[in-house]
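These are the structures, in structure tokens.
Look at the two complexes coming up: chain A is in both, with chain B in one and chain C in the other.
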Partner chain A sequence: MVPTAVYFGLFFFVPFGLIVCFSFWTDSNYTVVHDWTLDNYRYFLENAVYWHTMIATLWVAVAATAITLGVAFPFSYWLSRYVRPGLQKPLLVLVIVPFWTSYLLRVYSWLNILGDEGLVNTALKKAGIIDQPMSLLYHRWTVILVLVYLYFPFAALTLYSSIDRFDWDQLRAAMDLGASPTTALRKILLPQIRAGITTAVIFVLIPILGEYLAPQLVGGIEGVMTGNQIDSFQQGALYARASALSLIVAGFIVLLLILFRKSLASKEAYGA
Partner chain B sequence: MSEEHTALTRAELLKRGGVAAAGLTAFGASDALAATMRGARAENVTLAWLTWFDHYFPQQLKTTLKQTGIACRPKLAPSDSEIYTTIRTTGSQFDIAAMDALWVPYAHKSGLTESFDLNSMKAAKQLYPDARHIPFWKDGSNSMAFPNGWSTIQIYYNPKFVTTKPDSYDALLDPKYKKKIIYENSPETWIAFGGLATGAKVPYNQTIPEIARSKAWLEKIKPNVLKIVNQNFETVNALKDGSCWIGLGNLGVDLRVKAAGGPPIKVAYPKEGLCGWFDGEQMVKASKHKDVFLQFMDSVESQTYWAAQNFLKNGRPMFNEAAYKLLVKWGYKARADAFNYTKPELIFKANLQGPAKNQQQITDAFNEVFGG
Partner chain C sequence: MAREESVLSRRGRIARSSLLVYGGFIYLFLFTPIVLLVLFSFNANEYGSFPITGWTLSWYRQVFGDPDIQDALRTTLSVGYKVTIVSVLLGTTAAFSLVRGGVRFPAGFRVAMTLPIMIPGILIGISLLILFTQILHLPLSPTSAVIGQSLYTTPFVLLLVAARLEGFDRNLERAASDLGANAFNRLRLIVIPLIFPSILAGALFAFTLSFDEFVITNFIIGSYNTLPIYIYTQIKYGITPEVNALAAMVLMASIALLALAFVVPATYRLVRKAFTRRVAPAAP
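Showing the complex of A and B:
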């Protein structure tokens, strides 16, 4: 118990406590002044711009998470059910190969794919489909696309480890008893991998809520997220403002985790 | 040698290093190193240097280690304000810190840095006279920092699409440039552009009513801004591939676009004035190794070869005059002249980056415009 308390104290409660304190202090002349105030929170809550950006951030995070899981689920299902066991591991390694390169490089590579002289526009021009390059970068959907690419491995690995434990005979039995494949999937498989799905959602949604580099690099002015605003405050050494906005996002994440708590109960998920 | 900058092979590098060494001897820099060597070698000293990535080459630090016995652990710095708060918070953890123009006297006045006798350094003799005598970096006969590089920020445009020269900041508000303008992620400089356009007295240190006017100007330019970038090579790429027609940037963007195979780019100097920056290295007051600061800086900054390479790689003028002579010798005169390398006095006429008493209002205004 003591090591756990020390560990949590040092690496969680102390830094988190500092952020909480900072959020109630003020910035003045590049100094955080220890005057307790609600001004930072009041500023964010009263300013519609931050609400809009927060909603846009949430929208991007939900859309990217839904698409990521939508792509990762069939992949994991196929990998677990139809690929012979000897080939599953090498394919999983391929999924995590992008992690061997830097995050920044992976995002920058999309500039070469979607740019005016990028892979897509060049191919379409050569095929005679377009004369002028299409505007593929610097939209909100571009940010979503890149986030799906970035977070696909997290979702795929989590879902795979969950689906891999599933007993496929149950699915066959359900269909033998007259269930359609969709019904069998919905009523037999999905409830049993609910914990895996929830974990995948947490692994994808929560980091996306704090993203700032991908939106900045491929999103342009349209793709700004709350993380970019926090970054601006940090750049200006406005640590009180940055802390308050970070805690608003963190508060929202905690709320989500409370909502997900039930799905994470392994007892319910596995019927143990 | 070709006018285009090409990467050097290791063999070329060594060969040119030899030439540079000969050059150094001619400029007397080797005397400085010799003098340093005569002093006690500072073995087992490792300096922590908070600086920007374009202020040094790893090979340069290796040479210094060999010459002086002083090792260095650079840490990449973010913005001036973050460097300022970092050295204030971390005390003696850093020995050297880079900062921009007006930030230097601010840090010194705050008691974070210590001035030194610049003229006692042989490396200082390689500098342009203007750089040796920066009035607001003076602390009596001492200097608050060792000057490094500089640039003004001007408007670069593609004449194929921008037919009227944008010679004012307001010209950028034209709706025909919708989503065609690009500049870096620097809230202070964005607000400074707004300040110049709306008549602020000190663009980097505006009053609250001036910030409100700058914010209103930013609201107007926002529809025309495609992207706010992290690195200036993104500006070069956007002008090259045509996704942007106008880019605000450091000196030499036009040449870098050309070198990247892009279209001809022209430059315009807005009549309201230019923003600009120059930076230098300061001795941190709380440092435990102040005794070796001069020895270290002298060795690093007198490596003319690397100063010249720095210009070629990072594309902005250095204050090092000896490096210019080396560049001329290498065949890069036209390139260096196009970057106004020999005119360091230009930067002192620009509106210089510095601390703002209303930093919070500046960042708030920037976020309220570009964050929504």
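Showing the complex of A and C:
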């Protein structure tokens, strides 16, 4: 354990401490001046583009998380309740397959679908519905769609493992006692899978807050997120600015972790 | 479930069949992008997009002949095996301390080791970039990529091996000890064989993750290329059909590696079982 702790201390926690320091220093002529100041943060406050992007990032993250869970829930419900037990494992593995393939390629592959010469436009043109290709790439919603695609496997897996422990007799009992199916789902199933839902929310929402590849490849200018701004500061060797913006993202993450700490502390959260 | 069939109401049957259709759509959603990518890699159209004008293997031939790609492949593999070794060593030893005591705050340690998987890769990338270039003044190289990637892969190995150790019957070791095995022999004859499948699976997962890793690597590999970095550069400077062929191969390689991660540990268990049975027949 000691070597592992040292390794992670040195390469994970110390660098994080560095970001904290750098965020209060300033960039000047491609070096960082070690004067303690709040300049970087003031800069982000004064330039509307940064906090607008931050709000947009939060919005994209929340929307993508909500949609991912909304899409994954009926799927996991179906898999756990209606699929033969012998088939459940293989079908689950099929969901994991895309999750283990290259993240870059999973983003890239959407260019083949949504591009001007992509699957959707070609199909619609062939069907005679449109003459000119529709612009499907480089919108905020394109980014959200691709994020849902990227994070669906995780949400489905987490929700499945939590729904799978549910005793369906309880649902039947509630309905025998006169509850409608939706009431039974809401009052009996949902409270019992709360830990799974929270885990899914955390593991989908947190990484999205720092996304930069998906917005860059399919979001264009309209889809810019805070991650892209961090990346461009870094490319311009503005490490203090990049650190400050990273620390703001990290701040949101810490806030989320504190908010959800109870459900994370329970072992059930790691049921998957 | 089969026995439920007869008691399902009409509404239940409708819910069931519409969910079946929904499940089908989900798999379509998951696999269309992947299948399309592979399909385009055989497309004769030189823009690598629709319409499909014919089938060809020439993009694949170009990939195999490209020295830049061979270079990137070499870097990918060399980073990959180093990441695998580092994460197996660090992950396994940490799993032992975590499960068998020796960690003062096991819950805190577990959360701390989950952080690198959970937080966005950009934060790991930026902070390591600053450590290497601004503080240590080291040149960026595949070695920095090994360090960055192993932060992300070690927790996977740790969680896998820890899960296996938690389900481990410690009486086996006590029995071995009663029969005179010392600590080294207990480890060699009892513990390692039992947790070896999860170590193998962890190693394969670590290698696959490293093979595909882009987000962290992109910040800290400097001017070197791994395959994902090479593909990214090509995408940025215009999509060529050659990239589709390379992408398809990378995709297939990670799926094959994933299959290995499931098959190899199971095979190991089977082989071992067959072997031990021959050596020491079980009592009737």
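Observations
One rule holds in what follows: the second predicted complex is superposed on the first by the 247 of 272 C-alpha atoms of A that agree within 3 Å, B and C clash if a C-alpha of one lies under 4 Å from a C-alpha of the other, contacts with A are read in each partner's own complex, and residues count from 1 in each chain.
We take it that contacts are C-beta pairs under 8 Å (C-beta built on N, C-alpha and C of every residue); 3 or more make two chains touch, one makes a residue touch a chain.
Keep in mind that this is a model prediction, so the values were computed, not measured.
The superposition on chain A brings chain B into a clash with chain C. By the touch criterion defined above, A:111 reaches both chain B and chain C. Applying the stated contact rule after C-alpha superposition, one finds that A:141 touches neither chain B nor chain C.
Judged by the touch definition given at the top, the superposed model places A:232 against chain B, while chain C stays out of reach.
After overlaying the two complexes on the shared chain, residue contacts for A:53 are found with chain B alone; chain C is out of touch.
By the touch criterion defined above, A:166 lies against neither chain B nor chain C after alignment on the C-alpha atoms of chain A.
Of the two partner chains, chain C is the only one touched by A:249; chain B is not.
Counted by residues of chain A touched, the larger count belongs to C, out of chain B and chain C.
By the document's definition of touching, of the two partners only chain C reaches A:101; chain B does not. When both complexes are overlaid on chain A, the residue A:217 reaches chain B and chain C alike.
Clashing C-alpha atoms with chain B appear in a single stretch of chain C, chosen from 221-229, 257-265 or 275-283: 221-229. Put simply, chain A uses residues 111, 115, 117, 217, 234, 239 to touch chain B in one complex and chain C in the other. Residue ranges of chain B in contact with chain A, taken from their complex: 78-79, 81-82, 84-85, 88, 179, 185, 187-188, 222, 225-230, 237, 240-243, 355, 357, 359-360, 362-364, 366-368, 370-372. Considering their complex, residues 1-2, 11, 15-16, 19-20, 22-23, 26-27, 29-34, 36-37, 40, 47, 49-51, 89-91, 93-94, 96-98, 102-103, 107, 109, 111-113, 115-116, 118-124, 126-131, 134-135, 147-148, 150-151, 154, 158-159, 208, 212, 214-215, 219, 228, 231-232, 235, 239, 247, 250-251, 254-255, 257-258, 262 of chain C touch chain A. Of all residues in chain A, only 27-31, 43, 47-50, 52-53, 111, 115-117, 133, 137-138, 216-217, 220-221, 224, 228-229, 232-239, 241 touch chain B in the complex they form. Of all residues in chain A, only 1, 3-5, 7-8, 11-12, 14-16, 18-19, 22, 32, 71, 74-75, 77-79, 82-85, 91, 93-98, 100-106, 108-113, 115, 117-119, 122, 149, 152-153, 156, 181, 202-203, 206-213, 217, 227, 230-231, 234, 239, 242-243, 246, 249-250, 253, 264-265, 270 touch chain C in the complex they form.
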